[in-house]
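First the structure, which I've put down as structure tokens, then a few questions once you've had a look.
Note that the chains take the letters A, B, C and D in the order they are written out, and that residue 1 is the start of every chain.
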């Protein structure tokens, strides 16, 4: 067996604990040796839960004092760029949660830094490792439903996002924080890049929950025209309250495919004929993508051990950010936005 | 178009109203001209609901005073024999609800009378006309799942049966009143007659609902060995309270088939992630078999108009009664009972 | 019972036969007394199938020679206006298939003519009579999922539409011919009118099937912003080849609701573990909406008999046409189109 | 963290590899240090696959030469007793695959030996660790469907069992080899022991596959009367060919519960409206119970580390064997068999 991979968790919150669970409980070939977080209580709680001895308030300090091979970054989006650059600069492989960064310049900087330092960069698109999504992708690529023509992906999340995640100053809002996975999924399964994006948003629940962030929206509907002529739709609802919901539907030239379902577990109960059948729904994303989270981390560790390139990298993360930027401009300017406007702009500034 | 068929409803209760609905609202080629019932209020209510002018307390009187072509008998089982004989003797075609009769002698008498008077006899096995059951039967007969090896059928009904229907003196209990359809279905789809029957029963809810009928049971589980070597299972639960439930599962040499499902309507709602998804169940048998009830009556009317023989007749009703009798003897004597014991007995007495 | 309603079918094709089946086989209170069609073979075939004696090549001739109460118009869209005006002018109640007409001027003219002649006008939006859709609407209106925020409706149809139905000169294309029902459904269930519409279209299969109609599309994706701030999505695929598919999903402030499903019948078969389970899909729209078609015609007949107003009338048909016109302009001009542009235009021209 | 548990796999075949996968890939707290099998090629292949250095043809030799804490026994049933006794005698904790043993004497001997040597005995009833089954059990125990009245459990397996597993001389046939899980499940979820058992069997496919084992059956249907008055049904079909199928349905005084479903993965495809929807089925038991296998081994390891007693032990394995023995006698003697006959017999011979 290969040497175990030593990991530094950067961020100790909810997403960190999902990855820590995979690393500590299901991946014998990896070991969490250090955790970094700026909030001492969160840091100590997570370190205690997973039996990790070393904890630091900064990645720089962790790098100086502990030996490790890779970082798993789960901090807020606006910190991604600097942390990833720091890790790469120290020769650490980078697992980076979505959304990759706030803009394309940051994405490019991260990609370049990882390349120059010869470390791997894997993006946290766990749906690419979910057994249903991967099987579906395999079957689409095998031609089972023919050339995809129309793809719809949705993510509806139960709870109100934290303030930083809904403010367009510190985040790109729900389009990025909730729907990054959908941006990646539709591009992956359509097998084509976005050409043009049109977005409508709505705000139904914000006021009642005291959200006064400008431009806040809790419903979004994205229309995509792909380079290959295909069409795409993404919907986001957050907070949707009713559970965690992630499903995809693809219509190809030869047929239709559905991935995922509302039902969370095959336990069906009926005790009242006026109410009807009751079936569990997925309550949270760690439940829905339990295997996806294990498998993506297993893949990251295997890539480091074997030298194979991660199959979801910086380019994928960058495309999702580009879609989000086009989408945000679309609803702000109330018009369809071409990706060329976003991508040219980058080049122009480069 | 053929002449419309004039029908006399014998019995004006719940089942009568289901058939009246088919005849009055969905079958232009038939007309209800008279209704018979011994309970005046029920009689008048049903007659009023369907705009039928003639009502009588007895079939004999109806025959004497009104012209009609056929009877639809929905009275309690212990009245079936005499009513069917009376109708046949008067040259009326007979649609007879299940269970056909209390014993095989009565069945034979009804069959003989209909034959001698040259009238049709159709049994009320509406599942044979349900779109799902008929399609399933067609596909089984086409060999899709190969030779059936094991068939399971269940009927669970929501409400407590009336006293006459649960007393072994006036009825053959739930095995007959609730599960007659299953006896017919398993024989139909297995394509073989019963050879041996073993029955277990249980009584969980009777006491709490004040049922003091001896030998009452609200749960039953039937094991059948068929002449062709196949196996069968029937379950009955009544009152099950949770809704109306009728499903079949067949394992053939080549595969499995399921007919029916718990879900009553494709309307799914989730408003609470702790509760999960909620989907309607069928509340009652008229809902579940809405098309079956229309189609079986349409078939009966068509047979009369065209002279074709009904495809569910006295022999089918008689077999279901034979199964019930063997099953009842089985749980009373706590042993497997061969159909030959039941059928020989008939011959012996003939 | 009320007097039966005598009906004249205008159009003898596929949709006509669906309505004829309801009228002749399931609605004793109605009678088809005459059929009109310009194609003699189609006319005779349908008349023969339903035993209708009177047939004419024109509605005018039918009106002159036969007595009847109502017309059921199922001819191509571009003929709707003149036929409806003719029928209304002769005092006949009008059942008009969707789409109502080619533009809003035609819609207004039909509405006015029916009002002036004191006849009912019912639009053929049979989903409003489907048991699942009506139950869903009732539950939404009862507040079960709270205020709808986002509604998605899709109609994917199996076969290539006829030439007149895909040419923007004689029809408004798939947005009208296939998705009229969706336009009506989203407005009905959202409880609000469209404010702004954005449409993307794609053409994947046209070339291979020899379609050279300019602006032909076989995939469409509609984004709607409603007056109440809600969002809507409609997708259309035709020909989709894989079956007939009509489903709706609504996210409200309190929860999610799904109406309809891919599965066409609860008959599930598995004969090969490499293939998996196989379940029927609806092959065609008459299968999917069997009850909807019966119920809408029953409603039309009942309205005539009782004097009650049809619950789906000209205003609903007109709104669907307005949506289609905005949508068509959107994809032609590649921009979001406000309904005010379409509606003002009408006023301007009036 | 606790010290890792060192495990010896006894048996290196298919079931062994399922457990090896859990131990090697998903349980950092355990380590496979040695594998035992009498077939050298199988032994080497499995050892190679999981990187285990020590391999022996006998458990005795393994015990002499390697240090370890526990055995995981997956060899044929007729070897269970001697191997378990040997392991317990050497102070090793015992994880024993189902069926526990060939008769009650063997069961008692194993139980006694483990008790006397103060080692844990856990039976391989992985359904008790499946997320759906455990959640269902929790909800039943919480009273959600009231007192269970009727429970049905089925296991249908795809392939023909090996010769030793279908010969009543070396095994108790499918009732034991395939349906052990069902015997355990119905007793667990009913919360009561079996009182009386009646079994029907059939042999449809044996001849065509060259099976000449006397008393071979490929279909079985079990009726159970429980001590608490409840009813139970088990069905077994093997080879069923169509996939791996394990489902349970329970009717309680207050409602119905279903556990598991035919569908194996939420990926639905339709490419042909004449065929319909296609959905994966579980092909094999390791797929269906992927989490159950990991969780049961995790439980075993945790029990050893913490000293807690396994929650599925010898008494549960013994009851399943008693049910199988009663069931086998039932179909051989064609009569219901009381458990008291089986249990008394044991005492009598003791």
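We take it that a residue touches a chain if its C-beta (ideal position, glycine included) is under 8 Å from a C-beta of that chain, and two chains touch if they have at least 3 such contacts.
A quick note: this is a predicted structure, and the numbers were derived from the prediction, not measured.
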Greatest centre-to-centre gap (Cα means) from chain D is with chain C
Once you count every C-beta pair in contact for both, which comes out on top, B-D or A-B?
B-D
Distance between chain A and chain B based on Cα centroids, please, to the nearest Å.
56
Approximate Å spacing (C-alpha centroids) for the pair chain B, chain D
41
The positions of chain C in contact with two or more other chains are 241-242, 254-256, 258, 262-263, 268, 270-272, 280
Chain D residues touching chain A - in the complex, by the definition given at the top
1, 24-28, 51, 131-132, 135-136, 139, 144-146, 254-261, 263, 265-272, 280
Per the contact definition, I'd like the list of chain C residues that touch chain D in the complex.
158, 241-244, 262-264, 268, 270-281, 283
In their complex, what parts of chain D are in touch with chain B?
147, 149-150, 152, 156, 196, 198, 200-205, 218-221, 223-225, 229-233, 235, 237, 240-242, 245, 251, 253-256, 258, 262, 334-336
